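You will see two complexes here that share chain A, one where it goes with chain B and one where it goes with chain C.
== the complex of A and B ==
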């Protein structure tokens, strides 16, 4: 607004209790600092308004390269905070004009933030994805039918029927496997969230996404959780992938604030 | 990464390194929403994933970072463009050919099955639909 070349605004990364220990660099390469209030520390960076403020940031978000850089840098700062203790990750592009506004937020919501941090203490988010075979693949793998017919037309139809039955059987088996797995993982975690299956996660050659779950797991119980991930081999064409450790992005819930 | 309270050592486990697709999914769609005093319309941010599909200049770049979901999205594929209309016509005529072929096979099949098991006739009836769907899936 001022048009000053070096005008900055505040980019918020996370809310936690402890300030950064070592030097951490943020989305603009700026040193990340803590804005402290009411026993809380907000990880914040002073970023140039010309690139990260309104309206520039909105335009920049539409560049995949810019977004990728910002997302990775944001994630790196959040991870640095997690390394110090319980951390509430803040969504990308949360901007404030000055320290006072951030302090006011921390002060007004101190007990809510503290309660949220309490839920995250000693716990870590893990991601579990399950992929099934692409429909065509499953069909190719269909076993030759034992039934035979002398007429080529009929035998073709019988093969087609066998392929269809086989496909349905595979889908059913994979679904049941995923349900059992999710139930087991839920039992070994303190909270779980199912992310969308149609979202930005399908990748070339990985098959059909059957489960995309996030689980908040007690660090002390991770071994059991990990065992639960690998406990049961699913149908041959089902692949289970564990991702993490993640900052608790999927469990960054603060009553009152999150209801907006 | 180490965490107060003892984060398990995962070097030996199957925890995959974070790829950009996973990171974007979390920093854009998850994480605490706080309305800063500089308002960036949150709706814009939520629409970002949609916008992304439209602004990605190079499909290769996008695939490198593991994003290709728009290729499966009928809405974004613009089913109504010329190319697809052509494809639609192609499919229609192929479908007609197939129906004729099926009719012929059915005639054969019925003769064959009169001496065999009768419940296969049900499958013959389902065949039309099934085949059509499969063809269309393959084409995608």
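== the complex of A and C ==
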């Protein structure tokens, strides 16, 4: 596989019904084209194996700059497809050797893809993240205990106990708030998926990530969903962040093809 | 898509990066052609690496397998943490009591 320097492989972006319009550029700056079969269109780009094939891509993935660039370019193509209609995003770094393999896949799983597209029609993914205070922060905010003791050790223990009780109260309040919020959002969406709390980095000052949810929302019902996000003023140290619209990355489930 | 939603102001205190991550949808219900959006990178990576349909490419060297992606994601998260001089994010759902 170490053939000509300009050898290419096929990078897949999305499966949809409509081919790209105008000019869309992909991860390698290449023009994105459609591979069409069975009424479906796969957004594909011919990318140099020297950068995007093995083993180069494996190495490149370790570079945050490279990965960020690839992720943004991939996302831009997926969004171009979303602008045309229902779209199944394909996971980053899905490579094929030739058009025939892609056509075969589209043909073999046409009904599955079609069903998945049907589920995504007229719907948009939104993200909701909730942050609570850092545990240490909550502890610092604990009210000073009114109890005093002549023994410094006892006084210290009393303060510690008060801080622990206060921390538990805050955690409970935040957790209950998040549970109610998630229930409301679920009621106003057609599907929901909880992302990991450890995968996303809680950035400096953001606090502890309490909820990292993705919700598939009917476009016509977005106003109600947005109201549900804002319906309840939570505890003071809890912050809610709405992100989107996203292509339906979290809902690109195709039976038998997906692991998500 | 003509009825595509557009977000209103989140209730929570506006933060630069959260606002940037909320993309306006044009009048025709389309995403901007060349958005100068600065998507929160971690949110994006969460989705493109852990979301999307998993198709097995026919290249034997196709690496769209979850394991490698997870390895890469850990590296990325570590890199992001290092870049922003952060400690690792907690893995627990709620702060430890």
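We take it that the second predicted complex is superposed on the first by the 245 of 260 C-alpha atoms of A that agree within 3 Å, B and C clash if a C-alpha of one lies under 4 Å from a C-alpha of the other, contacts with A are read in each partner's own complex, and residues count from 1 in each chain.
Definition applied: contacts are C-beta pairs under 8 Å (C-beta built on N, C-alpha and C of every residue); 3 or more make two chains touch, one makes a residue touch a chain.
In this text the structure is predicted, and so the values were computed from the model without any measurement.
Under the clash rule set out above, the superposition-derived model of chain A with chain B and chain C contains a clash between the two partners. In the superposition on chain A, A:122 contacts both chain B and chain C. By the touch criterion defined above, A:61 lies against chain B and chain C together after alignment on the C-alpha atoms of chain A.
Looking at the shared chain after the overlay, A:168 reaches chain C, while chain B stays out of its contact range.
Of the two partner chains, chain B and chain C are each touched by A:246. Of the two partner chains, chain C is the only one touched by A:132; chain B is not. After overlaying the two complexes on the shared chain, residue contacts for A:158 are found with chain B alone; chain C is out of touch. In the superposed model, A:208 makes contact with chain C only, not with chain B.
Legend: residue contacts after superposition of the two complexes on their common chain; A:74 is shown touching both chain B and chain C.
Of the two partner chains, neither chain B nor chain C is touched by A:110.
Once the complexes are superposed on chain A, the part of chain B occupying the same space as chain C corresponds, among 39-47, 75-83, 111-119 or 129-137, to 39-47.
Counting contacts as defined above, chain A residues 9, 12, 15, 53-54, 57-58, 61-62, 64, 67-68, 71-72, 74-75, 79, 82-83, 85, 88-97, 101, 105, 122, 124, 127, 135, 164, 195, 198-204, 214, 219-220, 222-223, 226, 229-230, 241-246, 249-250, 252-254, 257-258, 260 meet chain B in one complex and chain C in the other. For chain B in complex with chain A, the touching residues are 1-8, 10, 13-16, 18, 20-41, 44-45, 48-49, 51-52, 55-57, 61-63, 65-69, 72, 104-105, 108-109, 112-113, 116, 120, 123-124, 127, 130-131, 137-138. Remark: chain C residues 1, 3-8, 10-13, 15, 17-18, 21-23, 25, 29-31, 39-55, 57-59, 61-64, 66, 68-69, 72-73, 75-77, 79-81, 83-86, 89-97 touch chain A in the complex. On chain A, the positions that touch chain B within their shared complex are 9-10, 12, 15, 53-54, 57-58, 61-65, 67-68, 71-72, 74-75, 79, 82-86, 88-97, 101, 105, 121-122, 124, 126-127, 135-136, 149-151, 153-154, 156-158, 160-161, 164, 195, 198-204, 214, 219-220, 222-223, 226, 229-230, 241-246, 249-250, 252-254, 257-258, 260.
Within the complex formed with chain C, the chain A residues making contact are 1, 9, 12, 15, 53-55, 57-58, 61-62, 64, 67-68, 71-72, 74-75, 79-80, 82-83, 85, 88-98, 101, 105, 116, 122, 124, 127, 132, 134-135, 138, 164, 167-168, 171, 174-175, 195-204, 208-210, 212, 214, 217, 219-220, 222-223, 225-226, 229-230, 233, 239-247, 249-250, 252-254, 257-260.
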